[in-house]
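In the two assemblies presented below, chain A is common to both, partnered first by chain B and then by chain C.
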Partner chain A sequence: MTRTYTPWILLTVALALAAVYLFPLYWMYVTSLKTGSEMFANPPTFWPNNANFGIYPEVWARRAMPTYLWNSVLIAGGVTAITVVLGTGCAYVLARYRNHWIDVGLFFVLMLQVLPASVMITPLFVGFNQVGLLNYPRTAVVLAAAAKAMPFFVVLVRATFMSVPRELEEAALVDGNSRVGAFFFIVLPLARNGILVCAILTFMSAFGEYIYSKSIIQSPSLQPASVGLSGFLGPNSTDWSSIMAYSAIYVTPILVAFVILQRRIVSGLTSGALK
Partner chain B sequence: MTAQIEMRDIQKHYGSFHALKGISLTIDKGSFVALVGPSGCGKSTLLRSIAGLETITSGTLQIAGKTMTGVPPRHRDIAMVFQSYALYPHMTVEENLTYSLRLHGVGKADARQKAAEVAATTGLTSLLGRYPRQLSGGQRQRVAMGRAIIRNPKAFLFDEPLSNLDASLRVQMRKEIRALHDRLGATSVYVTHDQIEAMTMADWVVVMRDGLIEQQGRPLDLYDKPVNRFVAGFIGSPAMNFLPGHIAETGNAVMLADGAGTLPLDRGLQPGREVIVGVRPEHLDVVGDAATFHLEIGVVESTGSATYLTSPDGNFQLVQSERTSLASGDRIGLRIDPTKIHLFDPQSGIAL
Partner chain C sequence: MSRFFSGLRDGVGFDILLVGAALLFLLALAGAPLVYNVLMSFQQVDMFTLGALFRPFVGVDNYVAVVQQPEFWLVTRNTLVFVFGSMAGQFVLGFALALFFAQNFPGASTIRGLFLVSWVMPGLVVGGIWSFILAGDYGVLNVILKALGIIDANVFWKSDPNFSIWAVIIANIWLGLAFNMLLLSVGLAAISRDLYEAAELDGANAFQRFWTITMPMMRPTIGAVLSLGLIGTLQQFDLFPALTEGGPANTSNVAGYWSWQLSFQLYDFAKGATVSVMMFLLVLVASVVYVRSTRHEVRG
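What follows is the complex of A and B.
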């Protein structure tokens, strides 16, 4: 009897948890469409009475969202590019060589993952100031955020490389390829899915990067959307529907991308993309 | 016969581990050489050193007269078949076959033509468009073979290529590989831990242990005249039986320990000397009165064509080709042809 009911119980629990998790998202979209008084109505309304879709173009223009979003894309793109190029090479080396020093290296890579951005920002800020990087604030943020994203990427991609059998590389060497050729034409195509998935995840998390941007970038014209959002939160600001509209515009592209790529991401993370 | 692969005092260290301890071996052009030994004996390391996948610590390796020190695998002109087949999963069978040709700058049309020829000889013609994951184990094995033979290398290296196949397919592939070798007139080096594969396929068998060559020679020479106890126990299935004993007063017989009996010898040795007697299970005859020693039976196993009799402690086995009514607990009298008795020194294990 328990066997037949267990899946249903688990499903109910999963749905309940999903609802708890997704409710704020729903609330964000709904609130963005409500008027000021309806927003604080008690009991709350779960669907806006007269939805005001005009808020989106209004917020888009008033808050200079194209600039913010473009900065976000630029920073996230830079972080992803650096992480993928450097991280892939690093992950490959960590996957292929087995000795004491590799273990030490891996330990330090994981250690970097432990350090929170809010702790790292002060020394980074001082350091960047010393070398004059603060004059190129977006570059500085890209470097800082790439360093933050790197450990996660390296550890995941290393696992992908480890699932590519060494013998395939050796077969390529015997067949007439060089070490570098074997990496680019045999190993890389086989690890492609895993690398792609990790790159997407890196891009998505860099797209929402806040701490480094907030601290390093002073000029609003160079700030990403995450920092732009915090501009709403003044001592007197109560313009919740604008905040929600801004958030919705900011989050929706990522959500759509995730939904579209969702199958690939899940399969890329779980299977080794081999066999 | 000219030497195709020539090895002189090859040493290989992995950190503190001494994997190859001075291997000298000459592989003649056109021969089929099997490297055989228990796991960890260095046979795979030796093969990978020939391929250039491992760098040797010292010694010289020549392929077709050229010294290979520092030469990367791609310039050695050898082909290798891996235990896991190592087919490129993202390429079709045809692309797998032609990969080395394409790397060597062979034109597309020529490569296709060659792939078709190889596919015909290996029975892959209908599978050229498939991916490795869509093939059975035996088919993958053929693709791996085809990939090796497509470009006429100086030597074929096989690294336990049949160990992932089921028993019946293995026997079939054994014959096919040997036939392919003969047809191509190739030079082959074949690594296996299965002495039956080595015995049946190779012209020349090299038995290795702990990074050293214990003995090399023609398969039947190894069977008939093992130089030491290790080779004697490794070659032949079921394995040779070993019994402790000492030479009798007369000098031409062995008294077995525990009073199990006496074995007459065809040669004379120093009386009283401790020896290990080696007798192959298939060389023992069950006889009544003419028995020279006796044995209690523990287990009787019959395969139909042969009957395997094992002593209660499991240390002694014999094979009878006739059916027998013997049962567990029976005591039988045994005799062996004196010319088929092997004697080994108890300490060094060297044949006497």
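What follows is the complex of A and C.
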């Protein structure tokens, strides 16, 4: 008798845990709608008394969000393009062979995956300064962030290529395809979904990139949304409804994309990061 | 010449082209800066010599100067507290959740997947939200803790020197928890059900089954998850500017953020490079553990 109820009790507990875990997100949306005095009320209200939706267009205009978001899209798009174009081929070769050289290459990629951005930014900034790249700050950020994103992409996409049967490629070669033909018409289409998921993940993380942009881009008209947010966020911030409205506008597209693609993203991650 | 081109189209040349392009890019933008960083840590780098090709060498002066900074040991201690506090929290909570979601009930994998939203959020936004939750006067965490009777007076998470590093740790645990849970779930799913059934028939209770089956079978996964957690924590940067900016009085400053402050707020690039070389040595230890623990899986 009790056995049949167990799954439903577990489901209730799971929903409760998810609610606790996702509370910060809920709090972001709720706070963005609160007006001045309610924001600092003690005890706080868990549902806004009179929701002020006008904050969204106001913050959008006052904080010049279209410019910032457009720069974020440009930077994330550039990073994703470089990462996918260069990383896919690299992952394919690292998946196709097994020998000493491949091990060396893999080791190199794995080592680069662990480098913190805060270690890399000082030499990158000085180096970019010397070669004159600081005059093209967005390009400089794209290059730096692509180098940061690529190792992770290669490790994940390599796992995708491993799951493409070798026999299919060999059959294409026997049928008279060149290596180039077999790669572009047989292997790539079969690995398309995995590559797409990893590209989306790369885009998402580059969309939130902060440290390189903050250090390299000085002009506000070229900065991405993360740097725009940091302009009025710090230990002593008080303008919380604007901060939360800005954050909500910034992350909602990412969250929507994530929820839609959740199943694919999770399976892409689990097959690559650890298997 | 034609052999060269046909090789590009149809032989090893094609592979070398594919892998070479990516590796050259990585070498130029990750490998070279790393070497350059070590070089700078032995040079005098200031606003006057910033653009110069050759700078005066100063030996280990930068290292001596960094160690003699009054905040050096505080930052070292904070870095260790931050790394191990975050790792322990992420791992223990992540493991507990992974065990829970390994139970068989409707919607388990979908709800588990929702947890991962924390992982795709920009770190700066996460820091901003937690900054509001952790606020001393009007933060919701203090209200909840007081209602539960855990604390009597407001805790000023961000401005109390005893708690400031924990404010960042709490936010970082939230950020990394879901990824830990996901990887541990994969490991749990790979353990054969038969083992548990056999143990149950032999009369092993739930605790014994966990200790004698789950833990030994999970060992490689746990190794990889812990080293990934260490790497992820050392890479964390965005939470610091959003929450505390390393303050008050460096009580929540860690090596990564300190290095950035030295370079980009004090324009002391030599010291910034020196601190990041020191931090790189720490990362190196983590990465050796990581590469060793994933070697078998990655070679597949």
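The definition used in the following text is that the second predicted complex is superposed on the first by the 241 of 275 C-alpha atoms of A that agree within 3 Å, B and C clash if a C-alpha of one lies under 4 Å from a C-alpha of the other, contacts with A are read in each partner's own complex, and residues count from 1 in each chain.
Quick note on the criterion: contacts are C-beta pairs under 8 Å (C-beta built on N, C-alpha and C of every residue); 3 or more make two chains touch, one makes a residue touch a chain.
Because the structure is predicted, anything quoted here is derived from the model rather than measured.
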Chain C versus chain B on the shared chain A, clash or fit after superposition: fit
Spatial angle chain C-chain A-chain B, Cα centroids [nearest 10 degrees]: 90
Partner chain(s) touched by A:100 [first = chain B, second = chain C, both, neither]: neither
Chain B versus chain C as contact partner of A:125, first or second or both or neither: second
Larger contact residue set on chain A - chain B or chain C: C
Chain B versus chain C as contact partner of A:178, first or second or both or neither: both
Chain B versus chain C as contact partner of A:165, first or second or both or neither: first
Touching partner for A:27 - first (chain B), second (chain C), both, neither: second
Chain B versus chain C - smallest C-alpha distance in the overlay, whole Å: 8
Those residues of chain A which chain B touches in one complex and chain C touches in the other: 178-179, 274-275
Chain B residues touching chain A - in the complex, by the definition given at the top: 48, 51-53, 72-74, 78-80, 82-84, 86, 88-90, 99-100, 103-104, 133, 147, 157
Chain B contact footprint on chain A (complex, rising order): 165, 167-168, 170-179, 181, 186, 189-190, 274-275
Chain A - residues contacting chain C, complex: 6-8, 10-11, 13-15, 17-18, 21-22, 24-25, 27-28, 31, 39-44, 82, 86-87, 89-90, 92-94, 96-98, 103, 105-127, 129-130, 143-144, 146-148, 150-151, 154-155, 158-159, 162, 178-180, 183, 201, 204-205, 207-211, 214-215, 226, 229-230, 233-235, 237, 240, 243-244, 247, 250-251, 254-255, 258-259, 262-263, 265-266, 269-270, 273-275
Of all residues in chain C, those that touch chain A in their complex: 9-11, 14-15, 17-19, 21-23, 25-26, 29-34, 36-37, 40, 45, 50-51, 53, 97, 100-101, 103-111, 113-118, 120-133, 137-138, 140, 143, 158-159, 174, 177-178, 182-183, 185-187, 221, 224-225, 228, 231, 234-235, 237-238, 241-245, 247, 256-257, 259-260, 263-264, 269, 272-273, 276, 279-280, 283, 286-287, 290-291, 294, 297-300
